[in-house]
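Both complexes below contain chain A, partnered by chain B and then by chain C.
Let's turn to the complex of A and B:
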């Protein structure tokens, strides 16, 4: 009987890591798509700031009517477009986060249901082909947390952008880049490597 | 395996991978013991706080260690202080997912707080909290997430009887308030430092700060602009700075300080810029909560503008004035400045609209001193022998700083004492502070208002018994000086007040000065004395100023006695041609003014201005308190004691009642007194048995006290001279020998003059 709950839990954990593996790739690809968008956002902000500083009357372009307003309109529209695209990407990231969170919730629930028949000792025993349940739960929790915090930070960065703080918008790509955490990604890859035998021992 | 129940768990610093996860790592056996599952919540209880964590086995499965992150803990929780924990300090919790949660959010910067909508903050906070276990009244540290939200203070959680629970995606977060971390820390600070005897000054300041906060509506209806500035005036050490600090702390206001040296810069214009920056800073702080801009030592910052000599300073003053005018009532910060030289301030500063109120903090009165002593000795273990009341009586002229120094010194004395191993002899047990220590400390800590003053003297205390004879003179002096101190209620009941001044006159050498010394040492008055030489200065007006300063000091340290020896040489009489318009006349007019002038400067005010009548009419107070109050009322004036041997040379204006009321004739000693004096002076002298002091006393007609002292001395010297250095006693013949050589310093003619004056003064008064 004691084999039954743990095997069910193992099943659930396998599912978790499969979800994680799939979503890791999605996450990476979405982030890769975001980088050029962010840099173009910074670029547009810089242009807008330059436009605000320049006196068009003193340039050869003075003869074009309403040039400043038009350019400004164009640039703001471009920024809007970029931001729209970025929010689409954010939605994709949110989906990744949500699916992982849902999976975590499911596995924790599963564990809690079986917890009475699973003592700590059996949860912490490791074997050559499978890590312990505690370890795997911990890894998955960590991974979920990583994606959640990443999502919050990136979303927060986009949300605190303001149209009148162009300098801040200019530095946004840099800030975006500093949010990248190669170590977190590495950890997740490590985890996936560590569970590869466990996954294939279906 | 060792039984876990008795084991102490060793607390290790948490690992970096667990940062922000709330995990508490422990051995698996311990988890089984506590009935914990993976990730089930537990509460770590420490004497000063608690911390909620989730249980998790250590990756190396070792027992006996504990590592935890204080993500969600009470605000004063500090895991660093504990290296060991008992098993009983871990308490497993059963909690469910939360439905509803009420929390306050603490953000980093005030600007973020202003510019961000609360809805946004709420969403962000909820996302950050998701997946964490929270407990009521705990502070959740979210600083590691990299957003502006630093902490979330959980007010209450709605999950049945439990006080803790897990925040999930479905939890509804009810946002209480958004504060900056600084604001929160200000409120959490340790209780206010207690200030004794400052209630009178405290109230107006607090009112100024809190009125606009509590009653904004009614103030607006009345169309009132609240007072925005106050000037604290008082001698150094009375606690002006401390008062402002404690007001700020109590009202939870932020304090922006400006001080002279920080503001003044070397570059032209830099000082003004610094000043503007300070005001801008205060304005910024005033946006979230009350704020005080405190200018300590404002006299250095804003001196009286004069000529063209100090243009930079003038500019600084002008800048300050414009800045102070610039603050409207809507900007909500209060300016408080402190100074001990209000006269040095620019007059433009002291008008309503700039400093609306001037609060005078005087040298503490007896009652205030008692309260201050109570406050400063709160943390000192006092032995029951310490009587703070009598200590307060002894410390005339001590300000708050002096009293706390006194307490510190007494405690130090106690420590020294125990270190020397004398504790058992002195009867003070386990290092408590005794009255003896306070007496010692009193000698080491003089009152600060007398430190740089004129007229402070250090003399050997003289007791009444050391003066032979003169019983009725002693009695009169006691009446005038000691009675008002000792029996204030009797004097008030009889409707008399203490005399303003006493004049002692009599032939030279009749112990006038010694009498005053005895009076000063028998009462705990401040004793100031000045001689003609100290008073006279080559510059016109200096003498008057020195005298004025003497009286100012004396008033600050009242009850006090000012002793003017040889007053005839100091003031003379106005009638004579010699001193017309001279220095003597100036000093005399100064003295007359001080004795019975219209009043004194408002900045010298001390305590509440209550009269004897008011004190009597009020409802009965506890006996000790009333006595203290009455004593204060009776003794708030300076008492002047003058001595002269030429009473006829004094100006008659000085001698009228109300100035020098009591005119006491110190007669040359009669036979009885002479005997007493001789006995006193031969006390330490080995006398031959044939010496008859009574005989000597009858033979020394017209001898003054000083003459008699001289007689004894000469006799002893004569004995040494005649019989060599090994002489054992003084014989009668030496006394008689000396008596033949010396003549009395008094003459019958002189005495007749004194008696004439005496009868004249008695008939006139």
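Let's turn to the complex of A and C:
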């Protein structure tokens, strides 16, 4: 009788790690696509700032009417395009976060439903091929938190960008890069390695 | 400094006469209509060529600025080394100057090609004016009773041509100025402005793109 609830929980946990595995790759590839976009954003900000610094009247470009305004318009338009593409990428990251969060909710619900019939021993014992239920729940929770925090941080960085704060926009690519967490990614990969036998012991 | 090309490229399909007009339809068009339709295709192709040259020139211009920067830093290096009687740096400066010269010639060629495109555009504008004259001669001041294609009068075709021409004429003047000044400025911000002016073509507005599209739709190159 006691076997039944834990095997259901095991099934749900397997599903968790399958979701995690699939989304880890999506996350990585979307982030990789963001890097060139961020650097062109920084570059455009640099161009816009250079334009603001130059007094065109004192240069050979003085003869061209409304050049400053026109160029400014073009650069801002280009920034808009890049930001538009970035927000598409953010949406893709949000989907990753959402599917992992949803899966966490499902597994926790499953656990809470079965909690009464699960004794502490069956939740904390591990075997040669399977980590304990408690460990796996914790790992998955950690992974979910990692993506949730990463998403918020990156989203926040993009939201506080303003066209009139060019210095901030210029440094945005660096800030974006500092959000990278090799440790966090490594943890996810470690978890996936640790559950690999468990996953294949379906 | 690296200028990253993130130019909004209008995704356009290359039109050639053979692709756009079936032989049967080609036979149907004669006189001014034929000429107008061919001109519209020419506008499209010339602008496409222009855009390609623009991208090409943009990366050459960025190279010029970059090599200018490294030349400046080599010069400084040279001054520092003078006390130690080292002669390595001057040869490096020389090599760098040659590279700079080569890139400038490269950019010059690109501007020349653009000037050639502009001269073709100018011919189309004068052809447009000629067709207006012809129409006046044939049908009087009111022009022909029914439009040649959808709705545009001959006058409108001529206007579109000359407006497009003005835009590209201004752009060419800007590019010629950039070509002359790019390798001679030591002001980093100004170099940057030259580069972005080259790439983003400030005188080509969205409305110019709209004009071209309208021209293509009117003459039936683009399906509605």
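Things to note:
Throughout what follows, the second predicted complex is superposed on the first by the 202 of 202 C-alpha atoms of A that agree within 3 Å, B and C clash if a C-alpha of one lies under 4 Å from a C-alpha of the other, contacts with A are read in each partner's own complex, and residues count from 1 in each chain.
Keep this in mind: a residue touches a chain if its C-beta (ideal position, glycine included) is under 8 Å from a C-beta of that chain, and two chains touch if they have at least 3 such contacts.
Computed from a prediction, not measured in an experiment: that's the story for all the values here.
By the touch criterion stated above, A:81 is placed in contact with chain C alone, chain B being left untouched.
Contacts of A:92 after superposition on the shared chain: neither chain B nor chain C is touched.
After overlaying the two complexes on the shared chain, residue contacts for A:53 are found with chain C alone; chain B is out of touch.
In the superposed pair of complexes, A:39 makes contact with chain C only, with no contact to chain B. With both structures placed on the common chain, the touch criterion links A:149 to chain B but leaves chain C unconnected. No residue of chain A is contacted both by chain B in one complex and by chain C in the other.
By the touch rule above, chain B contacts chain A in their complex via residues 17, 20-21, 23, 28-29, 31-32, 36-39, 56-57, 59, 61, 116, 120, 124, 127-128, 130-131, 145-147, 168-169. Per the touch definition, chain C reaches chain A in the complex via residues 1-4, 6-8, 170, 173-174, 177, 180-181, 187-190, 192-197, 200-203, 205.
Chain A meets chain C in the complex at residues 36, 39-40, 43-44, 46-47, 49-51, 53-54, 56, 59-61, 63-64, 67, 70-71, 73-75, 77-78, 81-82. The residues of chain A lying in touch with chain B in their complex are 101, 105, 108, 111-112, 115, 119-121, 123-124, 133-135, 137-138, 141-142, 144-145, 148-149, 152-153, 156, 159-160, 179.
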